[in-house]
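Supplied in C-alpha cells, the structure appears directly below.
Chain IDs A, B, C and D follow the sequence of writing; residue 1 opens each chain.
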Amino acid sequence: MTVSVGLIGFGYWGPNLARAIAATRAGDLAALADADPARLERAATRYPSARVFSDPKLLLDQAEVDAVVIATPADTHFDLARRALNAGKHVLVEKPMARTVGQAEELARIAEENGLVLMPAHVFLYNAAVRKVRDYIESGELGDIYYIYSQRLNLGQVRRDVNALWNFAPHDLSILAYWLGMTPERLIASGFSYVQNKIEDVVFVTLAYPGGIGAHIHISWLDPQKVRLMTVVGSEKMIVYDDTSADERIRLIDKGITRKLILEREQPSSALGDYETFGQFQLLLRAGDVLIPKIEFDEPLQLEVEDFLAALRDGRQPLSDTQSGIEVVRVLEAAQRSLDLGGPVTV
Amino acid sequence: MTVSVGLIGFGYWGPNLARAIAATRAGDLAALADADPARLERAATRYPSARVFSDPKLLLDQAEVDAVVIATPADTHFDLARRALNAGKHVLVEKPMARTVGQAEELARIAEENGLVLMPAHVFLYNAAVRKVRDYIESGELGDIYYIYSQRLNLGQVRRDVNALWNFAPHDLSILAYWLGMTPERLIASGFSYVQNKIEDVVFVTLAYPGGIGAHIHISWLDPQKVRLMTVVGSEKMIVYDDTSADERIRLIDKGITRKLILEREQPSSALGDYETFGQFQLLLRAGDVLIPKIEFDEPLQLEVEDFLAALRDGRQPLSDTQSGIEVVRVLEAAQRSLDLGGPVTV
Amino acid sequence: MTVSVGLIGFGYWGPNLARAIAATRAGDLAALADADPARLERAATRYPSARVFSDPKLLLDQAEVDAVVIATPADTHFDLARRALNAGKHVLVEKPMARTVGQAEELARIAEENGLVLMPAHVFLYNAAVRKVRDYIESGELGDIYYIYSQRLNLGQVRRDVNALWNFAPHDLSILAYWLGMTPERLIASGFSYVQNKIEDVVFVTLAYPGGIGAHIHISWLDPQKVRLMTVVGSEKMIVYDDTSADERIRLIDKGITRKLILEREQPSSALGDYETFGQFQLLLRAGDVLIPKIEFDEPLQLEVEDFLAALRDGRQPLSDTQSGIEVVRVLEAAQRSLDLGGPVTV
Amino acid sequence: MTVSVGLIGFGYWGPNLARAIAATRAGDLAALADADPARLERAATRYPSARVFSDPKLLLDQAEVDAVVIATPADTHFDLARRALNAGKHVLVEKPMARTVGQAEELARIAEENGLVLMPAHVFLYNAAVRKVRDYIESGELGDIYYIYSQRLNLGQVRRDVNALWNFAPHDLSILAYWLGMTPERLIASGFSYVQNKIEDVVFVTLAYPGGIGAHIHISWLDPQKVRLMTVVGSEKMIVYDDTSADERIRLIDKGITRKLILEREQPSSALGDYETFGQFQLLLRAGDVLIPKIEFDEPLQLEVEDFLAALRDGRQPLSDTQSGIEVVRVLEAAQRSLDLGGPVTV
C-alpha cells in the first residue's frame, strides 16, 4: 500500500519535506498547499503529478489524502493539525507541535480517539549520531550523567513568527528527552532581543532534571559561527557531539574526576594542586583515550518521513511520538514563562 | 630603585608569581611565606636569596619589604591584604580581592588613606588579545555591542575553598568590565554540584548591562575540553577570541544582519527565507571577510607584575585598578546570591 | 537559442554533468549514451525527455545534437572527441582530454578547422577560490611567487583505467597553469603501487617552471584523510587554499623573510637564531595579519557547463580553453615518462 | 656517580641542552664552551657553577669532564666529536653526526676502540608519540606498511650553514629508521632555493625501502604554517601523527581498501564507482573507528639526556645509537647527491 500524502507549506522547510516524501516508496506526494502563489507555482513545477491548493482546507477535503505533513509558521500548527485530524488524516507536524500544552494535549486526544498517528517532526531523533549518544548513555559507559549542555548558534535564519527559543530549542529539548528519558522539573530562561523588538535572538535556558541532572541550552541566530554542539558530562566518560562535523560527529572521551578516600596525608597529584589533600578524600584526575566511532549516517529527514509512513501503516507510534511532542511544548511553554517573568519556574 | 617584594603563598599559583617577580628588574623577591613546610622548603631551594617565613605575619613585619603579593586561598585574601596595607605595604592580591564588597571597599579605603597601591591580579587585562578586542570595541568597528558570551571550561583544577564561580569568573568579569566600561545591573546565576557537596562545578550567569547589552558566562571545571572562548556580537562585526590558540587568538568577522525598510513586497533573500518580507522591513544577512590580526604577545603575568611595580613607583593606579577589584567582587557577590536564591538579583 | 546537448557516459561523473546540463537555460539535455544497460536505464528514468543510446556512435549521428559532453573512461576520450568533432559537434571532454600530446593536438586541429569549440573540463578554473588566488597572484600582493605545493588525497575513488596521476593531477596542473600562466620546463615524478599491480596509488611530482618557480604535487587515493590543499609561497605573502573548507577556503597570510643588508654585527632576532649575523645580510622574519576573504561560491560544474555553452554560442574560447587541455596532457605525459624512467625529464 | 658533563655551543639549541643537563640528577653541567663572548657570558651568568671556555679545545683538556655534548654548527660536528672521543670523553652530538658516512664511521670506530658512548641527538626517538606509533607498527595493527609521508614545515629558522635538508631531515630519517627498522635502498630528492643562493629552503625526498615500502619527506623553512605531520598508510589501518597537537598527537584510523575476489558481476559499492566490477576482484572501502590514544608525554630532550648518561654509566648503547647516526648521515649524503645530480641515486 502506498500512502497518499499531502504537504501544507512550501516555504523554507517544506521543499525539503516534499523531496523526502517524493523519494520514499512508502508514500506518494499527492497534494500540495501554500497560500503564496509564487511558492505554489514553484511546488507545482517541481511536482507536476501533485494536485496544488492555495487553501490548505481544500487539501484537507481531498478524500484520497491519507496523511498530511504540516510545514507552516508555528502559530498555525495547532489549527491545521486539528483540522487534519478531524478530517481523518494522519499528521506529521513540524515542531513545535503547538504553542501550549493544552493545544498539544487536545491534538493527542483527537488523534487517539480516531486511531490516527500524530507525530511531531523531531528530526534529530533520526540522526544516527544522536542515537549513538543514547546508546552510550544507556549502556552505562558514561557512568552517572552529570549534565548536558548544548549550543545551537547561527547567523541567517531570523524568524519573525517565533523567537529563537521556539525556533531552535525544540531540537535540543527533544534530544534531551530522548537521551535522558525524562522531563525537567524546573528551569530558568533568559534572553535578549536585538534585531527585532521583543523577539529574542539569543536565549539561555538552565534545566534541572530529576536526580540532580542538569542541562543548559544556548540558542542564538545572531552568531558569527554555525555551532551545533552538545556535550554530555558523565561520572566516568564524556561525549562531545558536533553535528557540523562531516565524519567526526561524536567523540567519546575517557576523562573524569574520581574521589578517593585517604587515610593520611599523601602527596597531591600535581595537576589538581595542593588543596585536595586537606580533606578526607582526594580528587584524582583521570584521562584516557578518545574514541571517534564510525557512524553510518543516513539522512535524518528521510528516516523521519519513513518512520511516519511505517507507523501509520503498522498502527504504532513513531520513534518521535505524540507524547514527546507534548513534553517539548511543555518545556517550551515553561521557558517562555520564565523569559517573561525573568525568574525560575517549575515545568 | 628596586622594590623589595614579599610573596605570601607558594601553592598552585604562587610559584608563577615568584618566577615573574624574580624575572623583573624593577623588583626583588626578598621574602616568601607559606604555612606548609614542604612548600616553604621548595620555595627556599628555588630562591636561596629570599628570606622565608612559615607565618605570613612575620613576613609583614619585615621593614625592608615594600610590597606584598598575596597568592593564598580566597578566604584569606581580605585579612592578609588588610594586614599588609596596615603594615604600610603595597599589595597585589590574587582574585577575588575579597569575599564581600564591604571587605573590598575597606581595603580600598585603607590603601587610599595610606597612599598605597592596592591591585587585584586581573591578569587578563595584560593579555594582548584582550586589549586588542577592546581596541576594536572602542574604535566602533563592531558597531553597537549586542552581547558577549564566554566559556571557561576545563578538567583538573577542582578547588575546595571556593566554587567554580569564584575560581574562574573573576577572569570573565574583569574582562567584561574592561571591554564594556560598566558594571551589570542585573544578573541571574544557576549552577550544579557533582564532585563535591555544595561546591558548584558548573555555573551559568546571564548578565544585563546598561543600554540593553547582555552577557553570559559558562564556567566549569568538569569538562572534556579546555575552552577559553569569548564571543562579542556587535551590530556591524563580531569577534571570536580563543585564548587557547597559539597564533590565531582573535577573529574579526564582518557579519551581521541589517534591517532595511521596504515599501513594497520584494523578493526575499534566499538565506533568510520568506518570512522577512511580510513586515515593513527586511532583514538582510551580511557576510564579508574574516581578519586574524597579528598580536604581539608578551606573558600577561609578567606584564601584571611590571605594572604593579611601576604603579607603586610612579604613585599611580595600575591598569588593573582597585575599583575594578571592587566591581568584580560586587558581581561575584551578586552571582552567589542568585545561586543561593535560585533567582534573579540586582547587582 | 537553446543548444541541444548529448552526454556520453553515465558512470561516476556523468550524472553530475547531466544535472548541470539539465539545470541550465542555455542548453537542453537532448541525448544520452552509455554502453552499460543498467546505467542507461537509470539515465532514461531520470531524464525521460532525452533520447538514449547504448552506442555513442548513434548519438553522434543525431543531426539535432549541437554539442557533446564526454564523460567516459580516459582511454576513450580521444576517439570519442575526434568522432564528435568530425561529426560537427562542439565538444566538452572530461580530463584528461587525451592520453598523448599528439592526440590532443590532433583534436585541437580538427576543432579549429571546423570552427568548433573543444573544451577540456578543467572544472577548478570555475572554482571561485581558485580564481581569487589568481587575482591575488596577478595583483602582485604575494610579491614574487616562489613555489606552490598541492595535496590531493583521499580514500575511496580507486580507478582501474588510469593511475592516481592521470586521475587527480589534471586538477592540480590546470590550476597551476591558470595561476602561473606557464608550462613547467622540467619535472621529476615518483610513485608507488599498492592496491593494484602497476597502477600507482600515490604519486609525487616536482615541477620546475621558468624563472625558478617550483611546484610539488602529492596525489593519493590511499589516504586516511580527504585533503584538497594548495599553498602558494610568495616573497611578500603566502596563501593557503583548502578546498574542503565550507567558508574559509582561502587564507592570505602576511608572512615572509626579508633580507636586510647589515654593515656591522647586530643583535640577532631571537626567532632566527644567531647564525644570521655572520654574513653580510640579515634574514628578518615578518609576520602580520591573516585575511580570510569572503568568497561568493557558485557551483563550479554549473559554471563550467554555462561557459561551454556561452563559448559555442559566442564563437569564442571558454576559460578552460583548448590550449590548456593540450598543456595539461603535455605535463601528464612527461610525468608518466618520468614515473616509467625513474628520473627527471624535460616537459 | 654523577657524570661531569661539558657542553660545547651555546647558540640556538645549546641553552636547551644546558637546561636538560642541569635538571638531571645523573649529570652535572661542569663546563661550557662557546667562541662567541656574548653567548659565553650568558652561559656563565645562567650557570655560575660551570667553568666556561671560549675555546672548546680547552674544555676537552679538562680531565674531570667525563662526557661532552656538542651543539655547534653542523660542519664542526665531526672534528669536535673526534677530538672529544680522542680525549676519552663520551659524546652526545647534535644531528647530523657528521657530513659524510666516512666521517661518521670513523667516529664510530674511535668510540668503539675506546669503549666510549657516541650518541647522535635523535631527539624524536624520545618522543612518546613516536614510540607509540612504533608500537602500533610492530604489533601488526596497521597490517603491511605501504608508505609513510612527512611534512616538516615552518617559517623562521633559516640556517646558513646547512640547507633545509640537513637541518630538518635528520628528524624524519631517524624516525623512519626507528619505525621501519631499515635503511632505504634508493631515493630521489629535489629542492628549491629562494632566500639564499644555493641553500635549499624547500626539499622533497622520495625514498624506496626494501619490500616496496615507500616514504616521502617534504621539508621547508619557508612556509606559512608550522607543520609537523607524519602519516603512516598500512594495509589494515592508518596513523596520522601531528606533533604540533597538544593532546591529540596520534590518530589511529581504521580505514583501508580490501581486495575481494568476485566470481560474477555484482552490484558495485557506490563510493568506489562502477569501474571496479569489471575485473576479477572488487575493491572494497573499509572505514571504522578512529582512536586517539592517551599518551603520557615527557619532555623528549630530557629523556635524551637521561638516556645518554644512563648508557655511559651502564656501558650500553643508547636508544639513539651510533649506528642510527651513521644511517641517517648515509641517507642525507645520498639525498644531497640526488639534489646535486638532479636524479635518482642508490643509498
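As a working rule, a contact is a pair of C-beta atoms (placed from the backbone, for glycine too) under 8 Å apart; a residue touches a chain by one contact, two chains touch by 3 or more.
Just so it is clear, the structure is predicted and the values come from calculations on it, not from any experiment.
Peer 1: Centre to centre, using CA atoms, which chain is the farthest one from chain C?
Peer 2: B
Peer 1: Can you check how far apart chain A and chain C are, centre to centre, with Cα atoms defining each centre and the answer in Å?
Peer 2: Centre separation, chain A to chain C: 42 Å.
Peer 1: Please compute the C-alpha centroid of chain A, do the same for chain D, then give the distance between them in whole Å.
Peer 2: Centre-to-centre distance between chain A and chain D: 51 Å.
Peer 1: Please work out the Cα centroid separation of chain A and chain B, and write it as a whole number of Å.
Peer 2: Roughly 36 Å, centre to centre.
Peer 1: Of all residues in chain B, which are in touch with two or more distinct other chains?
Peer 2: 287
Peer 1: Among line, ring, star, complete and other, which best matches the way these chains touch?
Peer 2: Its topology is that of a ring.
Peer 1: Okay, what are all the chain pairs that touch?
Peer 2: Pairs flagged as touching, ordered by label: A-B, A-D, B-C, C-D.
Peer 1: Under the stated contact criterion, what part of chain C meets chain B in this complex?
Peer 2: Touch residues, chain C against chain B: 248, 254, 287-294.
Peer 1: In the complex, go through chain B and note every residue touching chain A.
Peer 2: 11-12, 36, 39, 73, 146-147, 149, 155-161, 188, 190, 192, 194-196, 201-202, 204, 206, 212, 214, 216, 218, 220, 222-225, 231, 233, 235, 238-240, 251, 253, 255-257, 259, 271-276, 278-279, 283, 285, 287, 342-344
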